[in-house]
Structures are given as structure tokens and as C-alpha cells.
Amino acid sequence: MSSVDVFVENITRVEGHGNIRVRATDGKLEVCQLQITESPRYYEQLLLGRKWYDAVHITCRICGICSIGHTTSSIQGMERAMGVEPSDQTHKLRQLALMGEILQSHYLHVYFLVAPDLLGAPSVVPLATTHTEVVKMALRQKRLANDICYAIGGRHIHPLTIRVGGFTSFPKEAELVDLKERLIASRKDLEATVELLLSVAHKLPAFERECECVALTNPPRYEFYSGMIGSTVTDPVAPNDYRSKVIERTVPHSHAKFCSSNGEPYQVGALARYNLNHVYLRPEAKAVAATLGLNGPCANPFFFSIAQVVECVECAEYAIELIDHFLDAGFDPALDGHRDVKVQAGCGTGAVEVPRGLLFHEYEVDDEGTIVGANLIIPTGQNLANIEADFAGFVPTILDKDRAQIELLLEMLVRAYDPCISCATHMLKVEWVD
Amino acid sequence: MAAAAGSSIYLPESVTLLGVEQPTELEKVFRVKFDSGRPLGHGPGQFVQVSLFGIGEAPISICSSPCETDYFEMTVRNVGMLTNAMHKLTPGAKFGVRGPFGTTFPIDEMEGKDLILVAGGIGLPPLRSLILPVMGDRERFGKVYILFGAKSPKEILFREDLAAWGQAPNTTVLQTVDRGDETWGGNVGVVTTLFSQVQVDVPNTYVAIVGPPIMYKFVIMELAKLGVANEHVFMSLERRMKCGVGKCGHCQINNVCVCMDGPVFRYSEARHMTEAI
Amino acid sequence: MELYRIDEKGLAEAMARLIAEYRVVAPVEKGPRHVFDDIQDWSEARPLAVGTVLPPKKFVFPQRETLLRFQLTGEAPQAEAVVDDTPVVLAGVHPCDITGLRCIDHTLAGRYFDEHYGARRMNAIILGFDCMPDGHCFCSSVGSLKVESGFDLFFTPLQVGGYAVRVGTQRGRKLLEDYFTAAAPAGVYEESLEEDFRKRKAAAIRLSIDAPVGDLPGIYQQAMRSKVWEKWAEVCFSCGSCNLVCPTCYCFDVQDRVSLDGAEGRRERVWDSCMLAEFAEVAGGHNFRPTPSARLIHRHNRKFNYQQDRYGEPHCTGCGRCARACLVHIDMVTIANELIAEQRGEAS
Amino acid sequence: MKPTAAFFSFTGCEGCQLALLECEDELLDILSAIDVVKFREAMSETSDTYDIAFIEGSISTPHDEEKIKKIRGVAKVIIAFGACAATGGLNAIRNSMGSDEDYYENLREQAYGPVGVEHFRSTKARPVHAVVPVDLTIPGCPVDRGQLLEVIESVLVGRTPRQFNHPVCVECKLNDTVCVVEAYGQMCMGPVTRAGCGAICPGRGDTCEGCRGLLPDGNFASHQQMLAEHGNPPEEIRLRYLMFNAYRCEELGVPLP
């Protein structure tokens, strides 16, 4: 079969609404689109005219899954705009929350959204009976990750303690002790996960396409929170100069903007981070990567979930390290500045690695702290063009399969990127006041 | 040792549903008995707390005669969570009851007196626990007037009882409805319109009233016109209630609790309570 | 009443012994305020802190408490009462809160004894502490500046250091012997220091009700239709904060919970508040107190009229919590004085 | 027979659906008590008949409107699930910035430029009950796990779930929380906001933002005056009301400073 006409409406097991449209006639690809049909929400517009302190409340609601990521990028952007310098304590605690979220999002993706494909089930629901132990382990891991978010952020979804300048409250020592114990115990579950993945990894399609990878870099660390915008192709640039790296454009078939770098699609997310920073992984994570067949740069987008599991090891270990630090140092309310933020006019950009990749929040505020400009660039938005490019490369290699298989494979490809469509559909062009 | 089991005033006793009848669209009459076999031992006007585990509790008046010891009856209007769940019960079902609670109509004090018994709507069932013993020992009392008002003919409860009581000597049953229909040939209007037909020996008259909150004020006005002494007027009041034993505070009217100090109040006392009627 | 004296060190040692054996709670810091909470070390306690957000009553009458547990499987539902008699030491309970517990006793431990409350209450060991008032306190106006009973031991801080200790119960005497080994018998000197403290305390109280507390039931009874209520009702949020922080309020709601498999469940009671709009609403929507002013009248009368009439003492202990909690400054003293002034104005 | 349930998301962040997946300890119990037949975020299998429809997100396009009407035709019980569905949520902020057709045309054009033709038209963002009748509501941004479980439990035992017609302050007090207005003079929406969240925000030192929606009989004038007394400028009080409650203010006719 060399002609297909595939239309997958409302791709399942992804966050948000999207369609796949692919048409090929006689081996020739005619249409190849990832259509984003989520209702637009105009977040950047909603921010204009509001006060600096509201940005974090509003933007964390862009997405339920990566609300801590939005929170972190938002306060980073706002702090850079107003010249707020938080303490080391604040930076560290934010990173601990971020680790919790990456863990929880990766677990959700690997166990609930991807695993059913590999285990031949339509969702996690039937797995509850066929693979009860796996599901219980998944729930345990996700619960732990959630509890980290809860202890630090005050809520599992849409954190409430994380503010410009600091935190409205700190976790209790007993909570940290409990989390640490459970993180240590979870190493076993992670091992089991690795084994499970190993047993099904051969089901991942062997498809490769070279592309530019973009992620934060900050040697010698495997970075999520600070540093420069690194690339496998170009020199690093500072977060405030992100516009020189990332170009956004609208396309007719999507409610989300598509992004490019140097006119080409590029990739962000777990695999891009791995490709850029793998040498800085801690040994435990490196070992897992090797076990799973990731030995340096990888051009197969289906390996996203493998990279996510590697990151789970990295993040869990980093979380333990951070908790140890706090158990040792405690929390000093005097090192917290969230009640003494001085309003100042300015413009600044937050750049944070959230589960799905690099997230930018750029704000401009006037001297009364009113937001006069906002631009948010979402990881999924950055990946959309790359997914379409992957389609173009992938479809010709699977034209011999039947329609259902093609649909499944294309959905798996989209799902591999763990797209977060409601995030991507937030935007509205903003008139910048210079 | 933390959470030891023990006794509790909130622990209901198990009852079995013997039978259910549905006289009107909204009301059902439930006949029950304690599994322990003990009689309820209530006085006229008292109520129990009915308990369905998982749903909750509600105060419900006893509508059967205190002289009946084999079982007791309750009439329940389906208005909310618990009453709705009760309406789904079928004979044989087991649920919980605490009680009886509250004060009673002073049947002994009423001996030898003329009686005006006024009920509105769902007020008839509690009053029935007074009417039945009065009818059962008819010669102990003087003239008896039973005044009953319902919203519409469809909503009239205990039709057979009303008819039978009307046949008793020296007893007048007067009924009215707010809105009549094609089947209705009787009085139309609020219950107070029936007072013109009442002829009693005023100084020797006792009154019992049970009905919706709005009714009391108007009945009291009629009684004042008649000249009945406040000390001879008894009314059963309704309030939100959670515990039935004077703890939860919901049913407090000024310094009294409807569940313990009521639900039956003597008007000469209730009239000083600013919130009573 | 027996009188002893103990120094700070002796007290700390005694508390350490108690903590080793009992659950001990005391006021501790919470941000800029204080709350009663479990302590592991006496140094965490701030026994003299006034105006904890909630009074210590939450340990004998918890915000949410399981009354019954039931099984729904089987032929008939089975239920059992849950009664918690774990002893707890309440340290740092001030005279107003000791009085508050006595007020609740009238209802919950009166006719129809509430075993759930009773078990906790009887197993609560009360270490009273005298205190210095803040700007919201008015215990002297309602007769709770000083308590003669209601505690096992009562500590008065002395200007010369340490505490005078009064023994209030047999249990208190036993505690003193077993744990407060550093306590020494005291005499007239300590008594005078105690008296001294109370004088300074009385002098520090800035608020007062302009009529003897015994006159209040009459004054409130006459004021049912006063304009004062309307005025304050206009700004009231009907948020219930005033009730919920009050040491004498006990109203509760009852709620059932069932496990998702429908096999078992529990019946809980949760604090309720007569200032909330739905408090007196019945099925069908009729509300017996539909307006904020009706609710305000009820609450304030419950403190100074209804309960006082019923049980012989005001059900306000002058702790000032409701005034601290009310964001629109509705407080017992202001309202009482406005009603008093109104009636005196009418009289003259 | 187990009741069947379907989950639908409209305009929102899908955080409330996620809240269900976050009931890790209870998830297996839930799945054995109800048959989840449609949950696009987590499942590929789907069905067109269901008893209970959980609706997440606001109705903000003509397409949304069509879809929710279809669902109403099928479901016996519709549960508005989360702030967006219950009260319009953050989405309704845009309602307060303009209302005529041109405004939405403009938004669309600004967003997508001249290529916007293929896209849905945006309309005012509305809660579900503004379009079809709703049986139960679980407000909150996101929904509270505890309340979500309580509603599921209630549906299973046939009890009306608690409605929380009282303000968040009640739960602050039950938790022995230090009031952020009393202690810091912060701009808390708690006194006029429907409780049910366990006062989680003030409990962690933040203010209540009103995500569960204004109470129908809140004392708004007194609340605004109280916030102003604490030094909050009228414009900021106004914006605070218009954050989670832009639709609610319109619905209740709340006067704003």
C-alpha cells in the first residue's frame, strides 16, 4: 500500500486536543500536519494591565501537568525584569519542587501514556487487571513525586507557595525525612521500571532523523534551572537573548504557534537535554542510560521515553541531594524575600527546563509593577514543527503497513514527544511597548 | 487504646421496617419495630432520630398512638437526602432509630376539656399521636374539633382516619384546602377560615397546633379572638436538628432547645421567645 | 487550696518527664501568632502567650471527630461508638479558656451525657497558666480574670522568677508529687506575689463592659430590636470566624462518609457556626435566621443572655479571640457597650 | 450495575482531570466502583454512552457549545468539574476586557493573523451551567482531591454532596491557620469565596484568590472596604475580583471598585 489518507481526530493520551492529518498518494507525501485544535486561551493578553504578583498565579494555570515549571519560569522572568535576587535557599527549594514535577510528569507519561502502547493495551485501565503490580508501582512512584510537589508547592497541581522572591511557607522537617526515605526506597522501583522498559524497548520503531537539539546548558551540571540556552548546532545564548534563537510563527492548521531556529525545526525536551548534556549525568543515571541502549546522542524520537526514565534517575538522586542539604541547613525565614519585593520597571526572561523542554516566560513591567508585555514560549510549541518534520521522514518508511498500524505509529510518534497541547495553545501576539 | 469502642448517645438501635404505605405523592407511612423487641414508649408529640448509615440522620415524629406497643409509625415527606433514601426502603429493611425525644402534648392535663386540634399539611402525623389516644378514650374529653388544612386534595393524609374520627361522638372534623380541584367539594382557604365553625366552652378549651412555620401566627390570632388562654395552647415547633439531644445547637430558639425543651411548647412560654413564631 | 512554688528549671524538668509519658500540647509560635500544638520539648512552649488562634478546646472537642463507625455489608448495618480516652496534657491554658471548658461542660456533659466529649474531657490534664492581657482581652468584665477550679495545676508567674503553683484536683496533687519534684510548699509571701501579678494583670486590661455582667441578660433581652444589630450586620461577612475561635461555642454538624467500595463508613461531627447563612435552614429552603442581623442577635445573646439565663454564667470568657478574628471589628465589648449606652440614653 | 463515567475537556488546562489521576491511593478503588468509559487524556478506548459526564473547562467557542449540548443529551448526571467549568475560571478574564463581536474577531486576528480563517471563533468564556443545566459542581482551580473523592462517594451511595455555602474563612479557622489579612493585611478573597478546598492557600501563607467562586450572598461591599482599609488600592482589589471571578461578578452583579 503506497497511498494513505490518515486523519486521527483527538489524539488520545496526550494533554490537550490535536489531530493528525497525513495524505500520501503513490508514495508521495501530499499533506502532513499536526493540527492543534485546542480552544485558544489568550494567556498573554490576560496578563496585560495586571500586577507583577499575578503573573505566577495566572500562568501556572496554563497547564495542569507542568504548573510548577510555569511557576518557576514565571517567577524567574519576573525577578529578572524587576531585578529581584533570591537567596540560594530559594533557588535550591525551587529546584527541589521542579524535580518533583519532572518526576511526576515523566512517570505519568511513561507509565500511563506510553506503556499501554508497548504492552498492547488501549490505556492503563485494563493494565490494572493484567499488570497489577506494574500499575501499583506506577501509582506509588507518581504518588511520591506528587508528594514532593505538595510538600514544597503546597498543592499537587498549581503550586501556591512559590512566589517572586521566595516561599510563603517551607516544608516541615518530618515531611522531608519521609520524602527522602521514600526516594531511597524508590530506587528499587526505578530498577524494575528499567527492566520493564528493557523487555519492551525492542517494540520502539527504529526511526532516526537528525535535528537540532536545544536545552539549557550549565557545565558541569545536567541542568534544569539556570545557565545558557545551548544547542547542538549553534553557540549558547543567554536567556534574555532568546529571541535571537527562537522564531515563532503562526500556521493555518494550528491554534498553537510553530517555532524554528535558523529557519529549521528543532527539538526540545528530555531527549534534547540528554543529547546536549549527557556527559554531565550522574553515574547512576549514566548506567541506566547505557543499560537502555542510550550511549550518547540519539536521533530516534521514540527514545524520548527512554531519556525520561534516565532523567527520573537523575532527578530522584538530585532530589535526595537537595533534601539532604535542607535537612542539614534547615530553613531560615530571614533568607526569604517574598514579602519584601521592591517594584522596579524592567524586562526579563525566565528559561527553565520543564518536563517537555525549555520554557520561556518573558515579562515587561512598568515602574508601578503593572505588566505591559508578556511573551511565553512553550516546549510543545517548539516541538510541533519538528514533529511534522518527523512525520515527513517517517511516513514514507511505513507506507507498506495497514491503515490502523500507520495511525497507531503516528500517534505513538506524537505521544513520544509528550506534547502538552493546552500549554501550546495559550498564545496571542503581543504588541510590545518599547 | 486511642479509639476505643464505647457507648454513645448517638448510637442508634436497629429497627426493621414492617410495612410501607404511600398515601400521597410525597409522603410515605413507615411501620417499624425495634429488633430488640422493646416498645418505643413515646408520648404524643415526641419524635425519633432516624438514621441511615452513609446518608445521615433526621428527626421524624411518631404518628402512631402511644398505646400501640407492638410497633410505631412515622410519616415521612420526601424532601431531601435522608428522606429520599428512606422512600427507597422496602419491608424487611433494617435501619437505625434513636429516641423517643422531646416533650409531649399534656394529655392528662387535657382531660375533661374541649379540644381544638389544628394541623397543617405534614403537621397532621405528629398530631395523630395525640388524636389517636384521645379517640381511643373518647369520653375522657369534651368536644373535639380537628381542623386540618392541606395544600390540595391530593395532599390530604390519613383520609380514612379523618373520616372515622368525624364519626365519633361529639367530634367535628373540618378540612380545607388551599386550592381545590374537580374532586373537591369542601372548604377552600387557609385553615384559619375553619374557626368560624368552632363552638367550644372557651375557658375549658385546650388547643394543639402543628403545621408549617407560617401557620402558627394566624392560628394564634384566631385563638386570641376566641379568647383561649395562652396556657392552654400547645404547639409543636420545627427547627433544623442534627443530634436530637440538645448538643448540636441547631434547633436552639432563644434559650431553649427544640429537641429537649420542645418540640411541644406551651404558648404562654413560647410567646416570650422572640424567635419562636 | 494548696500552694507551691517552682522555678523555671524545675518546671522544664517536670515537663520533660510529662512529655516522655504523655501527649503534651501547649501554645507554640506560628508565624506572628500562636496556636496550641503538640510539643516535644518544653522550650517550644509559650505558656504565657495570649490569643492563640483556636482555644485548647480543640483537644477535647476536635474540629472533626468520628462518632460512630459502621459496616454496611451483611444483613443489617452494624455500628459502634468511637470514644477516645487517650490522656493529653494541656499546658498553658489561661483562666478564660478554663472557664470556656466549664461552659461547654454545661451542655455536652449535662443532660444526655456526651461520651465522646466526656472521655476526652476527663482525660485532659489541665495545667493552667496565668497571663498578661493584650488589647483585646476583657476577662475582668465577665468574671474570668481568676479561676478557682477547672485545672489540675495552675501556675502564676512571679515577678521574682519562677511560678506559684495551685493544686486544683486530686489528680493535680498526684502529678505534683510524681513529676514536679522541684516544687516546694509556699506561703503568704508567694500568695502576695500571686495577688500582685493579678493586680498588674487587671490594670493592664484596656477594655471593659460598662455594666455588671449580671445585668446583661436583661439588657440583651430588651435590645432584640435595637438598631445596633442592623448597623453591624451590614458589614458582617457571615464568615463564622467569631464562633469558630470561641472557647465556649460547641455547635456542630454531622456528616457520614462511606468507603468507595460501600463496605464501611463513619459518622463524623464537624464544628459548625450559627453565623453561617445555612445554619438554621431546613429542607425545602425555609431559613429560620435568614438575615445577618438575626444571626448576630442570636450569637451575641447566646453569650450574654440565653446561656447565661440557662446555666447561670455568661458564655463569653473575655478571651477576645472573636475580636481578633473578625476582620470588620465586630466585637463583644463594643456591641455590649453600644446596647448599654442605647438603653441608658433611652432611660434618661 | 456500575455507573459509567466519561471525562470531557473544554477550554482549560486539564489539571482537574489530572487531579483524578493524582488520587493514586484511591484510583484502583474508583476504577472498580465506576466504569470510566472515556478519558481522552489517559485512555484510547471510548464510548458514546455514559451515565456521568465530568466536564472540565469553559465553553468558549461555538464548537464547544455544540459539543456540550450533545453531551447533555446523553449523560444522566453532568458534573461541572473545576473552576473553568464551574464559574468560568481564569478564562473569563477576557470577558472583562471586551465583549462585542469585534473584540473576539480582533483577538483571533491578533493571534493567528490573516491565516486565522481555519480556526474556531472564540466567544465569551462561560461556565457549563450558562449553556446547559448542570447537576453537580466541584469548583476550584484545581479541584480539591478530597472534595472530588467525596463527590464520587456521594454519587455512589446516592447522597447529595455537600455544597459549601460558607466562606473559606471557616476552613481557615478549623485548621488553626493564621489569618493573612489579620496578620499581614494581605488581599484575601476568603471571606467571600466558597469553601471546600480546606483553605489550602492561607494554610500555606498565601492568600485565597477566590478560585472556588464568589458566594452568592457574599458581603462584597464590606469585603472590598475591608481590603481597602488594609491599604490595598481599589484597582488591585478590582483586578483580584476579576481574576477567578470575572464571570461570577457579571452573573451576581457584584459592584466593583
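Order of writing sets the chain letters: A, B, C and D. Residues in each chain are counted from 1.
What we mean here is this: a residue touches a chain if its C-beta (ideal position, glycine included) is under 8 Å from a C-beta of that chain, and two chains touch if they have at least 3 such contacts.
Since we're looking at a predicted model, the values are computed, not measured.
Of all chain pairs, which one counts the most C-beta contacts?
Chain pair with the maximum contact count: A-D.
Between subunit A and subunit D, what's the gap in Å when you average each chain's C-alpha atoms?
25
Quick one: subunit B and subunit D, Cα centre-to-centre, how many Å?
The separation of the two C-alpha centroids amounts to 43 Å.
Report the inter-centroid distance (CA atoms only) between subunit B and subunit C in whole Å.
Computed from C-alpha means, the inter-chain centre distance equals 38 Å.
Nearest whole angstrom, what separates the Cα centre of subunit A from the Cα centre of subunit C?
51
Residues of subunit B touching 2+ other chains?
54-56, 80
Where in subunit C do residues touch two or more other chains at once?
255-256, 258, 262
What parts of subunit D, by residue number, touch at least two of the other chains?
157, 159, 184, 205 - these are the residues of subunit D that touch more than one other chain.
In graph terms, with chains as vertices and touches as edges, which category applies: line, ring, star, complete, or other?
Graph shape, chains as nodes and touching pairs as edges: none of the named types, so other.
Please list, in label order, each pair of chains that touches.
Between chains, contact exists in these pairs: A-D, B-C, B-D, C-D.
Would you mind writing out the residues of subunit D in touch with subunit C in their complex?
Of all residues in subunit D, those touching subunit C are 26, 29-30, 32-33, 149-150, 152-153, 156-157, 159, 162, 165-167, 169-170, 172-179, 181-184, 190-192, 205, 217-219, 222-223, 225-226.
Name, in rising order, each residue of subunit B that touches subunit D in their complex.
Counting only subunit B, the residues touching subunit D are 54-56, 80-81, 84-85, 88.
Which of the residues in subunit C end up touching subunit D in this complex?
30-33, 35-37, 53-54, 58, 63-64, 234-241, 244-245, 255-262, 270-271, 273, 276-278, 292, 324-325, 327-328
Can you tell me which positions in subunit B touch subunit C when the two form their complex?
Touching subunit C: residues 1-12, 14, 35, 53-57, 79-80, 83, 94-96, 213, 238-240, 242-243, 245-250, 252, 254-255, 260, 274-275 of subunit B.
For the complex, give me every residue of subunit D touching subunit A.
9-19, 21-22, 24-25, 27-28, 31, 36, 39-46, 57, 60-61, 63-64, 89-91, 93-94, 97, 107-108, 110-113, 115-120, 122, 141-142, 145, 184, 200-201, 203-206, 209, 236, 239, 243
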